[in-house]
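In what follows, subunit A forms one complex with subunit B and a second complex with subunit C.
Right after this comes the complex of A and B.
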């Protein structure tokens, strides 16, 4: 009984960190560009396919392929930022620009799905088993090694992000821009210098999450991987949309609850109950606390 | 170098059909405390936004002889123009020290890896920046607040933090947008003393937007008066007080006798 519970808890934590990574990808972009967009979905998808291309088709070492995939996705993101988003921002007013950017990102999302299908086909591709399929036995508890990798990689990414944001000048600039962009500009912070780092961070989090999702046991690389990425949106909302620690907390809460529902929810609730549970929680949270459970509060005198 | 530090020529800003600033020209000499006054909606803050590169305008602005028209806000900050905001431009989740250091961050040249690993140039620059920040905070009597987050500070103290944040980059020109708005009498005196001390110590040139005309008459060397985006007077405090257009803009003429209005303006706080 207890063993099953611990096992479920650990797989919930692993799932939660995946949610946290994808949410981080959204939040970093939102903070750096000032507008919410759905590009992290494309990043998850194209990053995983890029890794497949480098690793399986070109035969490059797995870790180097991962690095290359992150760089390719970053370059793509920056191109979109400079060619499309910045033009929209320059010509449209603040409110219209936000909506336009969101809609453009939805368009780009289906474009990247189509690109994946036409370049790599619609069937499920296997990335191999970079983490191994073995499980770690601790007494009666079985932990898949992949889950341990998920947790290790996520913690490393989160730690690096935290250090960059808290302790580098780019990080300070990022926080300043997110808090009050005009005040940041007149302090000499250039969004042009901050943006590449933010896109790199967003791409890294999304690509790593995508690769981890695509190497799940029984999973694989498919053109609908971006849809899987959107299951992280409730974690983002729960975390308050703009808060980085909120992403981690929201992700972990939802990951664990979802796996608990997977393990213990009565069959009467239906097979898909665990899948929809995060969305139900999200709606309830929005009704009770519209700013999310871990929202960062900002002060501004009218 | 001689010549004015700042010179604006025929600056005009239109938002849709509204002309917020209309053909404003002025020079600010080195070491001067230059004030911009005018009723609400006169275009004072919009004019500041032109000076710091936050809005587009026609006309030209030169700083230290070089044109800065069309430059981005962060580039203008780099040439030595710092400013404060009427509604506070502070980063509320950060501490006082972090806020003050943001401006210095743009002057650090070490890269991210060095910054992360805290070695060499990054470390030296960071230590220098912090020392300098503490010096400025010390002058303003706020060194003990260095690690307090902005959001837990009272409004008057936040205003002083913002002044410190603008001053710490050692600008040549400091733009202050209603620095004492919302402050009580004691806080106002404290802040103005700090401004004058910083000006003296750092050899600053200051452009000040202020609502409180009595205060302006007291501290400014010269004054530009705006109304509905139009310049209506430029001169010494005495000249501005004697300017009928300024008096009219502030008090209206229909009901009030001009002489009374002038007396009111001269009256000061006593």
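Right after this comes the complex of A and C.
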């Protein structure tokens, strides 16, 4: 009884870290571009497929493929930023630009899905990850090795992000631009220098999350991964959208609750209850505290 | 046109009469006036003159997508809110129609009324929550609606038949007139012909209604709130009341679209009202042209016609290959994915180069094509003025 609980808890934490990574990708992108968009969904999808291409089709080492996939997706993101987003920002006013960029990202999302299906087919592929379905036995508890790696990788990524944002020049510039872009310009912080780093961070978080979701234990590589990425959106809201620790906390809370519901929810609650639980929690939170559970004081719903 | 007098005292009385009159005119030009009449006639004549089920079913699909998109356009276009959850309201309308029109087998006017009322009420229930939020929060909330709607309808098995869906033949009779087996002048018409007529009459009705509404004070309040909320509030507009109305109209029309969706397929499953459909609606209203009367219809026509035409004429389009689940070594776009590519490209191009949408492009093209006519009428106009 206790053993199953611990197992569920660990898988919940792993799921929570995945949510945290994806919502982090959304947050960093929101800060870098100033507009909310759904591109992390396509990053998750294309990153996983890029890794498949490098690792399985070109036979490159898994970890090197992962790095290559991150670089490819970053390049793609920067191309989108310079070719499409900046054009829209130049021509439209602030409110219209926000809507237009969101809509463009929806278009790009359809395109990336079509690209994946056209190039790699619609059926589930095996990524060939080093973990497979192997499990680690600790007494009576079975922990999938993949879950352990999810936790390790996520913690490493989060630590790196935290160090970059808090303790480097670029990170300070990023925070300055996010809090007051006009003042940041005046201080000589160039968005041109900050943007590539932000896109790299967003792409890295999304690609790593995507690859981990596409592992054999995660259900395999499939063209619907971008929709899976959207299930991280409640974590984003729960964490109050701007704060990095908020994302992690929101992700962990939802991941654990979802897995607990998966394991223990009575049948009377109906099918798909665990899937919809994060969205229900999100709506309750929006009703009670629209600024998220971990929002700072001066936060406004923007 | 009368202008502000230059005699020192500012006399504005009557100065803007002509402008206001032109602004409130229902049809801005003869083209749209006769176009609307022609289309309404076509809605009745076209189904009577053809029995091609391919054309008819495409027409019906465009019709119900148009109705729901006209509703969404009120919210996303005129009101400037962001709602990606239109499938939620389609699902509500669809299942209301199933309950009243199929299970209880009530006549058409009764279940249509129920669909509209329940749709509007559901929109007004969502509105207070959505209106408190802005930007990202509103978007994510509307996505959440889709997932929660699916959960509710999958588990409400008595009504919906669960995941596998249910057959739902709707009662399409009004008194002695039965649109399911129409009898006109001794001629019998098929289910699809009757439904086509019904759906397009409602498209015309919804278009006209929204068009008129946007010229009424209520509609102008909504647009004012979108463009300058603070100024609108200072001018005494109640934001909550105006936006409530926008939500109610949007969701009622969404529900109506959903009801006709069931009438077309005569089958319904909760899986149909998914995230993909929400994205399709966003694409329809944007590609067609946000905040335009014709936008949703033009958008639906383009977006619904592409997949059907692509699968019919696949062999003439380069880079297309048959649907197959296994990669066969050749790179090509599967037929099923072709429309997705077109949607994506269309959306990106429209937003980059012509955010006013296809409607505007058509208008520009029509003006260019009829240039000689305009020149002549302009000349006629000036001579008249001189005389």
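By our rule, the second predicted complex is superposed on the first by the 291 of 302 C-alpha atoms of A that agree within 3 Å, B and C clash if a C-alpha of one lies under 4 Å from a C-alpha of the other, contacts with A are read in each partner's own complex, and residues count from 1 in each chain.
To be clear about the criterion, a contact is a pair of C-beta atoms (placed from the backbone, for glycine too) under 8 Å apart; a residue touches a chain by one contact, two chains touch by 3 or more.
Since the model is a prediction, treat every value here as computed from it, not as a measurement.
Engineer: Specify the partner with more touching residues on subunit A, choosing between subunit B and subunit C.
Structural biologist: Subunit A has more residues touched by C than by the other partner.
Engineer: For A:137, select first, second, both or neither according to whether it touches subunit B, subunit C, the two together, or no partner.
Structural biologist: Neither partner.
Engineer: Who does A:108 touch here: subunit B (first), subunit C (second), both, or neither?
Structural biologist: Only subunit C; A:108 stays clear of subunit B.
Engineer: Looking at A:118 after the superposition, I want to know if it touches subunit B, subunit C, both of them or none. Which is it: first, second, both, neither?
Structural biologist: Second partner only, subunit C.
Engineer: Using the touch definition from the top, say if A:90 reaches subunit B (first), subunit C (second), both or neither.
Structural biologist: After superposition on chain A, A:90 lies in contact with neither partner.
Engineer: Pick one for A:100: touches subunit B only (first), subunit C only (second), both, or neither.
Structural biologist: The second partner, subunit C, only.
Engineer: Looking at the overlay, does A:197 come into contact with subunit B only (first), subunit C only (second), both, or neither?
Structural biologist: A:197 sits against subunit B, while subunit C stays out of touch.
Engineer: What residues on subunit A does subunit C touch that subunit B touches too?
Structural biologist: 301-302
Engineer: Across the complex, what residues on subunit A touch subunit B?
Structural biologist: 163-164, 167-170, 172-173, 175-176, 179-180, 182-191, 197, 296-302
Engineer: Given the complex with subunit A, which residues does subunit B contribute to the contact?
Structural biologist: 52-54, 72-78, 81-83, 85, 87-94, 98, 101-103, 105-108, 112, 115-116, 118, 150-151, 155, 165, 169, 182
Engineer: Subunit C touches which residues of subunit A in the complex?
Structural biologist: 30, 36, 84, 87-88, 91-92, 95-96, 98-100, 102-104, 106-111, 113-114, 117-123, 227, 230, 233-234, 236-237, 241, 270-273, 275-276, 279-280, 282-283, 286-287, 290, 301-302
Engineer: Going by the contact rule at the top, pick out the subunit C residues touching subunit A in the complex.
Structural biologist: 80, 82, 129, 132-137, 139-141, 143-144, 147-148, 150-151, 154-155, 162-163, 275, 279, 282-283, 286, 324-327, 331-334, 336-337, 340-341, 343-348, 351-352, 355
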